[in-house]
């Protein structure tokens, strides 16, 4: 086989072990490329939500952004949450938003997108972002070497066990189901047409 | 491996974009979309911290799941309110909903 | 995985950079996995039309090629040659994006399909959840198609389709929960491997029926085909689509029905399991396709025999019958599985047929119980409705008699 690629055997073994990829394209690992791609999706979709003139397009941009977040969840070794994100947000809430936009007839060619205070909102939000980055994120976590706290990650089975474990999260789980029932009934009652009046 | 602060930066940017949407758009449905963006930024933060600081403790993922549930419930009820508002006032501009009763 | 590594090494020896070689070999694997269902779809167009024709006592396509086998090619050529009309006022990006999304929602399922013991796209640890998740992307595509056509009737059709699709996702997800519980894992390869001892269709027939019915409704097959209702609404949400875009919706639907057949085979009838599969893994693919074809044939049979349901009947059927039955099913099976574990009847070696029998019998009795409860409930409801009808007729008759 020769020594064309000195680490080929190790790379193959790593590959077979499922350790991820060994290819490095221009200094970027595949994880970095994926992170960049999902960041563009997320932030681009969010910009689309902020700036759109046509609310149906805005709903589509929201869906793009949510899909980017689902990709980030996959990168962060939380595949169950990624699947639930796509199923709940994109498959249900996205469609709910699209329905709401269509039923309230407020969609196309909005002449006035922004309120009169948009410039002060922009300043406040810009300052918030700069403050977060400069004072909180980069000082506290910026200098830490990019190593994760170990390769052992809890799996979906552990999440399932945690959600029904008496010592862990069974109470919030049950309360969440009650909340969903209440929300469902509330939404139906509020949005119902009152024929009897 | 992508460092933690990059994930936090994306989450902060997303949160700020969501806040701007809520504060400055006239249409109520667009405001709700901004709220959804903010909740997603929070979720991303939670999962990033879970992965980097304590990947064996399920609190991070469980918390995220509950935030997702609450966001879904809130979106449903919020959109129901908007539809009801549209039915009675024929407008979903937030500026027009400024009187309790007339 | 071995093939991919072999190919990567081969390319590397030919002088290519190692990373690029790996990327290209994985890419080729992806292309192969994605092309397989598309090729099968071409055959399915012929199968569908011939089968429908024979049930309707006619011959079906028989001019193009022997037995009409080249008919799909003629169809494709015709659709390719049609003009791509975009209606005025249509939202062009969304209008053009909807058909690929529809096809993507089906093709993405094949990424996790276990074709043989060693050949599959990727074995996700959340395979079953991924399948359901990807199905909800199809709903989005329909909504986009209905809206972007700038046509009132397309929009109304899209609303009804989306209501139907999201309603039937609930029993679908709950029916998939049962094989996951029985196998102890959400990965599709794990579910197939857990059926070495006993196929899940014998341990959980009600779940199989639920999954079958819900998947028929998810694709818009009769009796739930109000979505396209070729003879009523023209074509529902895809009125304004012509040419290759319509071909994508068309092919996407056929592929979806076949994919559902394959999923039935994987979840309930043992996927690639069959005699001599350990020695010749390629036989696994043959077994899988054979079982999938049986389920596909049943679905075609149902499609061509039953009349169509109205939208309100469909919704009633889902929310008042399927959802309660699926919830009751999950509760009963979960309870029985725990009871079996406590009593000690759990098979120590899941691959052994004899050891699986006690558990299967207990679960089968549980299923019979669920079925009996639901059917007697529906019967009592029917009796009440009929009694109410009779009472109304009696009062109407007496009023009429008094009025004379």
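All chains are identified by letter, namely A, B and C, in their written order; residue positions are counted from 1 within each chain.
Just so it is clear, a residue touches a chain if its C-beta (ideal position, glycine included) is under 8 Å from a C-beta of that chain, and two chains touch if they have at least 3 such contacts.
Worth saying up front: this structure is predicted, and the values here are computed from it rather than measured.
Peer 1: Counting only chain pairs that touch, give me the topology of the graph as line, ring, star, complete or other.
Peer 2: Topology of touching chains reads as a line.
Peer 1: Going by average Cα coordinates, which chain is farthest removed from chain A?
Peer 2: C
Peer 1: For chain B and chain C, what's the span in angstrom between their mean Cα positions?
Peer 2: Comparing mean C-alpha positions, chain C is 33 Å from chain B.
Peer 1: How big is the gap, in whole Å, between where the Cα atoms of chain A centre and where those of chain C centre?
Peer 2: Result: the chain centres lie 28 Å from each other.
Peer 1: With chain centres defined as C-alpha means, what is the inter-centre distance between chain A and chain B in Å?
Peer 2: It comes to 11 Å between the two C-alpha centres.
Peer 1: Multi-chain contacts only, two chains or more: what residues does chain A have there?
Peer 2: Within chain A, the residues that touch at least two other chains are 80, 84, 92, 99.
Peer 1: Using the touch definition up top, name the residues of chain C that touch chain A in the complex.
Peer 2: It comes out as residues 1, 5, 8-9, 12-13, 15, 18-20, 22-23, 91, 93-94, 124-126, 129-130, 132-134, 136-137, 139-140, 143-144, 147, 155, 159, 162, 166, 169, 186.
Peer 1: Considering only the defined contacts, which chain A positions touch chain B in the complex?
Peer 2: The contact residues of chain A facing chain B are 29, 31-32, 35, 39, 42-43, 46-47, 49-50, 55, 58-59, 62, 65-66, 69, 72-73, 75-78, 80-81, 84-85, 88-89, 92-93, 96-97, 99-101, 103-106, 110, 112-115, 117-118, 121-122, 124-126, 128-129, 132-133, 137-138, 141-142, 144-150, 152-154, 158-159, 162-163, 168-169, 172, 176, 179-180, 182-184, 186-188, 190-191, 193.
Peer 1: Over in the complex, which chain A residues touch chain C? Could you list them?
Peer 2: 1-2, 4-5, 7-8, 11-12, 15-16, 21-25, 54, 56-57, 60, 63, 79-80, 83-84, 86-87, 90-92, 94-95, 98-99, 102, 155-156
Peer 1: Report the residues of chain B in contact with chain A in the complex, numbered from low to high.
Peer 2: Of all residues in chain B, those touching chain A are 1-10, 12-14, 16-21, 23-27, 29-30, 32-34, 36-37, 40, 43-44, 47-48, 50-59, 61-62, 64-66, 68-77, 79-84, 86-87, 92, 94-95.
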